[in-house]
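The following pair of complexes shares a single chain, subunit A, combined with subunit B in the former and subunit C in the latter.
And now, the complex of A and B:
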């Protein structure tokens, strides 16, 4: 390996990237842009769900019941309506996500010891949100029922409120969330998105950088000269690796500042693992660049083969354990899964080498594999 | 190894039975080729003739299926054997400046190539200095490559290819898309470099008129070599003679002769006929006989040009068969415009882009029935002028009339009355020929009642019978170009704009295309405005305008332009010596006008031929260079172009 030639390619590439404004923007603005857009956009905390109320009873009890919903931080009360017909357009236009209908004689029936029912119309377009909304409403109703029972017991048997509570629900759940105590999904999501962005941006840049030379013919300078295949690949990819290593730090900083995610692990260990991951994803870009001939095709292919495993098979959105068997196997075929474990382990759990060595080893394996595939398939004397 | 090198003597490249195919398409078929040390060897042929594939394979950057390929004594069979020759050769791929890096400066580009090639620092400094001086790029060292003109990019490409002093350089179409002045410049630099360093060069071109630049050449067509040898020898391979005549009425003469001679064309007022297998004396008699009743103004027999020979060889060889064309060319179904009226008029037309004046107060008029040529280097303002006249771009100043409508107020009317065919042939390649024609018919709002008849007319006039069901993208360039013309004619416009319509098309295709244009102009009185880089093609025009830096610098008929140059600078002297390179240096030193090297010949301009000839003879004798031949010729349009532009360039400090 002749490092003068490697350096010649690296230095040329570096200047090209920094002088081409569009490319420069892609190198730094693109990863940060994706990160912020997706990081703020996707939140699994369902809060402030808009709703409206049709109160056909309009008594103290119904108002008391409704206030439990209105005061909840999960719901955003939008107003009362006078008839059921008014609810349809509100739901259809997504002005509200659900409606609560209190039947007539709600208070009367309750006081006379009969059961009654409350109807909820929920927008089911986005099932996850609908389920969560239903869960919250059910919890509020259960709580209402419990309180009614307690009040009833207190007045009926003349016992204290504590005794009544003990009678009504003898076992209470005391849960404490570890690693992410407040269950802020943004903590997990923002750190998890480092995995996503570092999966998408480096191959994107690398593939464009190589295919650009193929597309306009300057690759022939390489083909026709004495530079060896490995010298060219190394020289060509080094600038992209460097940029990505810089991006790791920028993203890391954003995760900790903008999203307020704590970092509990070992910084050196995590940086090293991230660099290995970036070597690996740069290798993805190299492989893509060998498969396509135009920059447009390179963009399309990179998005397909990097976004999908990062989003669907990494465990970012759906836990690996809740996937089907085949999907689980597929998940283990992509490096994204391993790096996500390293990331969450480092950020939230404070794990290090001892616990995560296997995942890092998997990343090393992928990095070597992808670069070897790239090297073997890059030819200076292609057939077309 | 050493012995093997001795056995092949001086052959730098030795190819036998070379075949290369892409998927199932055969690109190069059984080619034999050998190039000697120190030669400038040419590959001439249209796009898709297999030149690039062959050159890439020789450069060791493309694998091939069959045949043997020996370069610099190495048998190139695999990627690893190809590596052995790469240090000793330089390869410049096709495309103007495309292999260079736009965001790097001239000097950075050169340094990159040198580093890649392991040129030592001292050698680099020395060679860079010399090459930059020779190519007159030294003043532009720190300019970014993307901001160079086409001709400068090409010279920089050459410098980068030569920086490691290769034994063999392979240059793929280095002059395509470059204006004639830069092309001449490029050739003389190349010749000088090769002479000094004893480099062998394999160069391809699509321009037939560059053939004279080569020591030997191969004519390629459809993946095969049609003829190979010295330019003069190839010219003589086509059996027959060339007659040039002018007659009145021209179209009548053309129609009568067409039936007997398949290879005939009208260039301006001149009709050129190539007659197969007959001596010129006999041919003259036959033609005179055929043209009884037509007034023959001039008639003379000439040596055929290489392009004539190429077409003749094609007709006699691969394209042999019934090529006799149907004589009944369909007519317009519309009333013809008055042939005296003015079709296009530009008055003080000006266009500014930011700080830059692209078109500077240009004036010209085009009459109905006239073929009008707009010539100029890249960036001279031709395309901008066309865009303003067609109403695509509003002018900064001045006005224009097109097809009876004012350019500024009636852009829509103009668009309805003109046909426009762009450089890139604005066709939809994924549609069939028929679908393309239908699409253009509906874009131009052709009346449904006459649609069927109009489509049939387009197919016939553009010669598309038999290919209507094929995808436009699968057609050869020549047919694709006629389809683009047909689409531009669907509404039978009285004015036709053609922007570089023949780039990349083979000579046979080009002739067919021009025959259609001549018909449109002469019979249907269509006014045709055409821009072109091919100087031989400029001769087809009735009237020419030469543009330089946004201004009109010459406005005349081709014949008068040549006459004016003759009056001003004299005849062209074609000098053949036994040592052309040394003679060239000598004549350049003595300040003769327009000295340039064409293969083994030297051209220069001389007013007083007798005295100049005498002086040259004396000079050559002194240097003991043997003069083989010295003949005066009429200058060509290319000479006119180069002379006029250089005269201006020398006035303006760079």
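And now, the complex of A and C:
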């Protein structure tokens, strides 16, 4: 391999990127733009759930109960309605996500020591949110029950408050959130999106860069020159690789400053793993560029093989454990899964080489595989 | 405008529409990709993706080894949890959690049963890996419900109250009903969302690509000297691509979503298609605007991706508007997908009609008029 020739191609490519101002801006704006959009746009924190109330009892007890819902930071009270029929359009138009109906004789039954029930109607369009909302409502009701049972037992059996408490709810669950103590979805999502952005942006730039030469016809200069195919591929891809290596640092900085995500791992290890991952995704762009002839097709194909798997099959939004067996196998075929483990391991769990070596090895394997496929399928003598 | 002019105007539109369709049908790669998006892609998103907790691995540190602790452990079982066995110490638990082998560890203290029998309050610890927020949140919610249920049953047994006698205590029971998707089937939500995403992407990309291709190849000059007005050049691109997209949507709905995922269509299908047509028209206005500011297909695709991400993420599908920061809530009101997204779920799953959705339809129409006119105006300034 003649490094002068590699350097010549790299220099030419660099000048070309630099002179196409839109493309150059895109090389940095695209990843940062994607990152900020998804980082702010996707949140799994279920908070401020809109709800409406139908209070058929309208007594001190029912108001006291409802205040617990209204005062919770998870719920956002939107108003009272007078009849059940009024709830349907509110739910259908997504003005509220759930409604709570308090039956008549609510207070009377509770004061006379009887069991009563409230009905909650939950919008189930997004099942995850419905499930969590249901959990919150149950927790508030359980808490209310606990207190009313305690007062009831104290007055009826003449025991102390503590004894009553132990009878009513003998076991408490103390949850400890590991790695993401505040259970802030932005911590995991923002760091996880490094994986997504570095999967999407490098192949885009690379594929467009190579296909542009094909579409313009300037690739024939390369076909006719003395440069070997490995020299061309290496030289051509180096600038894109460099841009991506720079983008890693920018994204990393954004994750830590804007989203306030802590980094607990080893910076050198993580940077090294990221560079391997970027080599891998640049290879994806190379393979895409060999399959297509036009820039539109290049972009579409990149979306198909990088964006969608990265979004859906990496474990970022959808936990691997809850996928079907078939999908689980599929998701192990994409490098995104391994890099996500490295990313979350480094950012949130403070893991290093000892725990993550297998994932890094998988990335190295993908990088080599993709570049070899790219090399073998790039021909200086096109078939047509 | 007399009758003859009117006919001529439409003849030109039809002729141009046919030209656009022919051009599209001669690009087999692009057609294949469009077909992929409307069939396999939606199928994969709907079938593989599951945002619920299924068989989450739990291990237990049981310091008590009593009937009570075994009873509690026994309750951590499928569908939500999968009890994977016992471990002895905290170090082992941490190692397993770090490696991601298990999701949670339940820690039962010594004298658990004795304290319970003496009526002393007890606490069990539940350590959850929350690097994936969805899993972490759901696991905590379910574990809290399980423990509370165990505690109540245990207290009931201890005071010799069976469930029948519980009815004489002042308790509120939560009778919840999950509307629209009572079995909480994720594939309904996911497949519709994927269909909407695909529609958005294509309705921006295809008209923009059709317009900029003319610029890139120079055929725009031929059109500019022809007797066609700017509107007659641009509108057929929107009509033809709109037709292709509507056809794709109907294939997806009638051959993938309804038969495979058993989606019960509650509302009017024709209203859904009318809304889809309106939405395609609106977003194609954005596409035309992109076409006027870019010079090549490469630039178009980059701009489309850059705009597409915020549009998707501000659609309210992943994060409902009420959970967004205030500034982003305002931004959502100018995102056409926000209205389309809400209306699609409302029509397909909730059975809403025009009486509920008229305000969203009006907003989308207004946005469409603004976007489309702006696109045509820019184009006319460039070539008029």
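The rule is simple: the second predicted complex is superposed on the first by the 384 of 384 C-alpha atoms of A that agree within 3 Å, B and C clash if a C-alpha of one lies under 4 Å from a C-alpha of the other, contacts with A are read in each partner's own complex, and residues count from 1 in each chain.
By definition in this document, a contact is a pair of C-beta atoms (placed from the backbone, for glycine too) under 8 Å apart; a residue touches a chain by one contact, two chains touch by 3 or more.
What you see is a predicted model, and the numbers here were worked out from it, not measured in a lab.
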Subunit B and subunit C placed together on subunit A: clash or fit? clash
- [ ] Using the superposition on chain A described above, determine whether A:230 touches subunit B (first), subunit C (second), both, or neither.
- [x] neither
Request  = Quick one: classify A:351 as touching subunit B (first), subunit C (second), both or neither.
outcome  = second
Discussion item. A:127 in the overlay: touching subunit B, subunit C, both, or neither? Say first, second, both or neither.
Written reply: second
**Asked** Of the partners subunit B and subunit C, which touch A:56 in the superposed model: first, second, both, neither?
**Response** neither
Of subunit B and subunit C, the partner touching more residues of subunit A is C
Check your understanding: In the superposed arrangement, which partner chain does A:8 touch: subunit B (first), subunit C (second), both, or neither?
Key -> first
Q.
Is A:330 touching anything from subunit B or subunit C once the two structures are fitted on A? First, second, both or neither.
A. second
- Task: Name the contact category of A:114: first (subunit B only), second (subunit C only), both, or neither.
- Result: second
Ask   = Which partner does A:380 reach: the first (subunit B), the second (subunit C), both, or neither?
value = first
Of the stretches 148-156, 274-282 or 436-444 listed for subunit B, the one clashing with subunit C is residues 436-444
Contacts from subunit B onto subunit A in the complex sit at residues 22, 56, 59-63, 78-79, 82-83, 86-87, 89-91, 93-95, 98-101, 103-104, 108, 112-113, 115-118, 144, 160
Per the touch rule, the subunit C residues reaching subunit A in their complex are 27, 29-30, 33, 36-37, 41, 44-45, 47-57, 72, 97-100, 103, 116, 119-138, 140-145, 147-148, 150-152, 154-155, 158-159, 166-182, 184-186, 188-189, 201, 205, 209, 294, 296-302, 304-306, 309-310, 312-314, 317-320, 322-325, 328, 342, 345-346, 349-352, 355-357, 360
Contacts from subunit A onto subunit B in the complex sit at residues 2, 4-5, 7-9, 11-12, 15-16, 19-20, 216-218, 220-227, 379-384
Note: in the complex, subunit A contacts subunit C through residues 22-23, 26, 29-30, 33-34, 37-38, 40-50, 65, 76, 89, 91-94, 97, 109-111, 113-132, 134-139, 141-142, 144-145, 148-149, 152, 162-163, 165-181, 183-185, 188-189, 200, 204, 208, 211-212, 215, 292-301, 303-304, 308, 312-313, 315, 317-319, 321-324, 326-327, 330, 341, 344-345, 348-349, 351, 355
